[in-house]
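Both complexes shown next keep subunit A, but they swap its partner, so subunit B is in the first and subunit C is in the second.
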Partner chain A sequence: MGLTDLMSMAKPNLESREKILRKLRGRELINCFQCIKCTSGCTALKLLELKPHEIEKLVNFGFVDELAASDIIWTCVTCLKCVQRCPQKASPYHVIVALRNLAVEREAKVPEAFMKAVSQILETGLAEAYQKVTTRKMEACDRESLKLPKIPAPKEGFQAVFLKALEER
Partner chain B sequence: MRVKVAVFWGCCILASQYAYEMSVREVLPKLGVELVDLREALCCGDPVRSVNDFAANYLSARVLALANLTGLPNLLVPCNRCHFTISEAKRAVERDEKVREKIVGMLKEEGLEYNPNIKVWHVIDLLHDCVGLKSVGKAVVKPLKGLKLASHVGCQIIRYSDLGRVDDAENPRKMDELIRATDAESVDYNEKLDCCGSHLMLSHPDTALSLAGGKVKAVQGLCVDGLVVSCPDCGLMFDSKQKEAGTTVGAKLNLPVLYLTQLLGLALNVEQEKLGLQLNQSPVDQLLSKVSA
Partner chain C sequence: MTRIGVYVCHCGLNIAGVVDVAKVADYAKGLPDVAVARHYAYMCSEPGQRMIQDDIKAHKLDRIVIATCSPRMHEETFRKAVAEAGLNPYLVEIVNLREQVSWPHAHEPEKATEKAKALVRMGVARAELLEPLEKRKVSVEKNVLVVGGGIAGIEASLDLADAGFKVYLVEKAPSIGGRMAQLDKTFPTLDCSACILTPKMVDVAKHPNVTLLTNSEVADVKGFVGNYEVTVAKKPRYVDETKCVGCELCVGVCPVKVPDKFNEKLTQTHAICIYSSHAVPKVAIIDPSHCLRLKTKKKEVCGKCLEACEAKAIDFEQKPQKIKLKVGGVVVAVGSEVFDASEMAEFGYGRFKNVISNIEFERISDASGPTGGKIVSPQSGQAPKAIAFIQCVGSRDKRFHEYCCRVGCMVALKQAILAREKLGDGVAIYVCYIDLRSFGKGYEEFYTRARDLDVNFVAGVPSEIHGASDGSLYFDVFDKGTNKLLEIRADLVVLANGLVPSADIARINELFHASRSADGFLLEAHPKLRPLESSTAGIFLAGACQAPKDIPDTVAQASGAAAKLVDLLSSGEIELEPLKAVVDEELCSGCRICESVCPFLAVEMKSEKADGEEKVTAEVIEEMCQGCGACASACPTGAIQMKHYTGKQVLVQVQAACAGAEAKGKGGS
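After this line comes the complex of A and B, so read on.
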């Protein structure tokens, strides 16, 4: 979805913009002067048409609600080139993370794998389940057969505290 | 020189990238680094970052609190993603008093104590800066002369520089220098800083695979003996998923991919099985026969 389409009918919401700035714990975002260094190096630009400088501008304009509801914020591959190269420290990556967090708070469409990782962590401490793998000769192996040590799951109290952490905004 | 460090593996290594874990456990002690596992297996918070930034910081802080239980001031984090997530959390706790107070309090509920002074290392800087190239070179008993390799450092241990990273963001050299310490050649190439795409496996798996496939295809074109990685996510994308990645870019990929610690293990003459080399899914046999010849 092109972001220009999505904002054509929208009205800016400065309260939502303020929310993002609060999440960023800094106001460097407003210093973005659209040099487009972020977009020219963006890994996700080539295949998914992510344009970080547009995200920066849209947030600055106050089109935060539209962005939080959009798929585009989930196309970032987190290579961090935009953070590295931004001359204004307006870090598009961190803006995208803040928008993702807002999308979750608003129960917008969030790729399932993220929520699944959270529930897996609640259950076992790890975001992934232990897998059986095979050698190139197709012999099945697991940690035990490879003589790798068993590392215990978090102790009982962890779950309750992690749940509490997830409620923080 | 001998040094004792705590080690945090994260999820990907413990759950599937066993070859990396085996080779780190095997090779580091031979280079004078003793590893002490943490009490528990835990996620660093990386996938949680997109859901709730605070909860991600809490998980990372909990990792540091678990490291604190070992009494050791150094923590080895062999995963790029975990290394970044923990570094960001350290900074958030350091800079934001409210976050710090909340997290310290939550850890206290579990009887854990946050220690801001634990230094976080990756395999690359631990070997390069702490063990030292000289010591690594001295430990080599089977020089890998004649091997031509490409290195893939990955994204999150080199960016962003303000956070204090393992190597230079635009011109990382440490991994190449470690490869050269084994007498192998490490080539420069245009796609060196291209990302493996692994984070997109969570939302756009086809795109993730085509990013990985595109890079493997480019490296294959360099006529090198293999691609060396040092992050479980990159290993997963370039090695375990190489075949799938090939279909997304319409190329037949057969590039040997191995972990830096597996390569070092070969130079230290460690048995291949102990380095988990049977687990690599890419055709590493080509490279191995060249090494043993």
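After this line comes the complex of A and C, so read on.
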């Protein structure tokens, strides 16, 4: 009974779908009518082949396990154009984040860059390490040479709070 | 002692699928004064109605309780049935077991059955106190008002005028014709819009039964169905309609240039102008916000038109007029507006000259438009080499309007076909759509015709439009059919702007108490069974003010609304419901609360001298009272009572509800 993906013989997993819906607090964010506006404007489409409309539809059908195990959900660059412009107020971005969370729960392989960002936050409290930049005159400068104030280190106990918050997700 | 008959309807499985109808009927048998209680599959059917009629005679019933669907559905049906059996129709009480029991409580059948019993108990208690009432007849005005002079208003006016009614057709703009007058061709037949509309505009203006009031708006409405008193505010034209011959000599000399509204501001006209080339009436009008003399209010300023006019029609002294009309009924046909796409930043409407709306395309394509019917890119003035149509702009979009505009798809098909016919094979045409809806008669064939003419359909819409420095536009769009991201470059982009409720609809809502639906359009009395009526008696709806509509549907609705009005007013009198408020003068303290809460201005205060003292009491003007009951619930002394819903009739229901709760409490303890 029901759907089968004849390309991979996969069946929808409605329990996994339910998990995603719980994370999204309802089905409004996957209430998509396939206008393709998100994919037409997707920053990650040309190089990384992310098609947000496809993700919306696959979650709707219940092909969630395949998505949670895939690499494609890690390609979103979170520009949020799809959230801004969706005529149905659906949100491929939020669906992708929910799928990423499900992937982490299932201990799927998370791309290195993401793990790097997490350890960066743990250490410095910042998602991105501050960098040296080069001016047009080829002078290297950093915060110190520009006389910008030092960025304070995270408060004591931040790591514990951060890790706890991650677990609660 | 009354003798009550109780009838529990199954409504197929609508009620019986949840509520144990046999149990409810059994329970009703045990209630005081109930002589008969039965249940049946469809009480509204012929055998169901006959069952009640037979029982009235055989069991000498004098009150009837019917536990069935909403009274809005079949109360009238059952009233007629008991009247045929010789009982006063107001001795019927409807208990709603469908909308209020079986549908909302479908998952709890036992509790639903208990609730059904309680409602029946309340209904029986109320039925005992019902009093016979008589409908009253009042005479009606045989004049009618049509608000809005677009194709809907014109069609309704012509039908009503032909049926012998005196019609007042009120139009806000200086000319009738409305939105249809702006269109080039019409789908799916490609009839020229002007060719089919203009003769009707002339017919309605010439009809002996029609009084045309252009440049006018409804200012005030009083009264009730059959007897409305309407005040129309006629704005000054500053041109004598009886003298002006429409020669346009004045327009040529006027030094002030003004954006041309009829041409969607694509061109300019003058402060004195004739609204359009086929305006009816073809009479000049001065825009007081631009005319130098009217703006400065100085007699020595300008006056060039005054000199040029050979007919001596210009009259700077014209004042606004108030015209009072007495009408029996109204057709509201105020139409809609076109969505303003500048609200939607991503498509660059208003920023890029070559991004235009579909209504602007109509003007550009129209022979009487700014380019004489030559399709051009606004920036270059040259014929475009590639045209892209983008669908569902502002409609099917929760950020703006959730509903489908119902015309955008067909308009785009029509405009694509027109572009191909006028510009030949050299132009590339793309239609970017979400769903292409061609639902009407001949519409799907029209879609086929567009494909035959090499119109490219892209299943997907772009996220944003970019402009190049040469005025050309480009955008990415992902096509569902080929699974490819395409780039489209075009020198004309046409947005399928949807139809939105106009500001006039809010005014109509205030003036006529005609309700609006959640989408902002006017609400029909019933979506299926009463689609032509508003929520106010005597006020009918036609055209796009009720919902977005194309021309065939608009004309059909207009003729339907006209026929409804003929039906309402032709006998010269109408029956009024007897559900009215009445005042007990003994109890009335003259506090005026009822007067302040009445939304229909149906309460007036009268003063009488008795024993040397002046006593002020409320009085209900029966014709104006709509029976809403606001006064009765606000009255602090209980002096105003609603017939059929008196304090006693309501309280006894409350008592019956509480009595059941008590019995249950005792049973439990």
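Methods note: the second predicted complex is superposed on the first by the 145 of 169 C-alpha atoms of A that agree within 3 Å, B and C clash if a C-alpha of one lies under 4 Å from a C-alpha of the other, contacts with A are read in each partner's own complex, and residues count from 1 in each chain.
Please note the rule applied: contacts are C-beta pairs under 8 Å (C-beta built on N, C-alpha and C of every residue); 3 or more make two chains touch, one makes a residue touch a chain.
Just so it is clear, the model here is predicted, and its values are computed rather than measured.
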*A:Thr135 contacts which: subunit B (first), subunit C (second), both, neither?*
first
*Mind working out whether A:Lys81 is in touch with subunit B, subunit C, both or neither, as first, second, both or neither?*
both
*Is A:Ala69 in contact with subunit B, with subunit C, with both, or with neither (first, second, both, neither)?*
neither
*If you stack the two complexes on chain A, which partner ends up touching A:Leu126: first (subunit B), second (subunit C), both, or neither?*
first
*Please determine whether it is subunit B or subunit C that touches the greater number of subunit A residues.*
B
*Considering only touches as defined above, state whether A:Leu45 meets subunit B (first), subunit C (second), both or neither.*
second
*With the two structures laid over each other on chain A, which partner does A:Ala98 touch: subunit B (first), subunit C (second), both, or neither?*
first
*asked:* Under the stated touch criterion, which partner chain does A:Ala10 make contact with: subunit B (first), subunit C (second), both, or neither?
replied: neither
*Examine A:Arg25 and indicate which partner it touches, taking first as subunit B and second as subunit C; both and neither are also allowed.*
first
*asked:* Please report the subunit A residues shared by its interface with subunit B and its interface with subunit C.
replied: 81, 89
*Taking the complex as given, what residues does subunit C use to touch subunit A?*
346, 392, 396-399, 434-435, 459-464, 475-480, 485
_Help me check something: in the complex, which residues belonging to subunit B touch subunit A?_
9, 11-12, 14-16, 18, 21-22, 25, 37-43, 46-55, 58-59, 62, 84, 92, 95-96, 102, 106-107, 109-111, 155-156, 159-162, 169-170, 193-195, 197, 199-204, 207-208, 210-211, 276, 278-281, 283-285
*Note which residues of subunit A are touching subunit B in the complex, please.*
23, 25, 43-44, 47-48, 74-81, 83-84, 89, 91, 97-98, 100-101, 104, 110-111, 113-115, 117-118, 121, 125-131, 133, 135-137, 139, 141, 143, 146, 148-149, 151-155, 157-158, 161-162, 164-166, 168-169
*Which of the residues in subunit A come into contact with subunit C in the complex?*
33-42, 45-46, 51, 53, 81-82, 85, 87-89
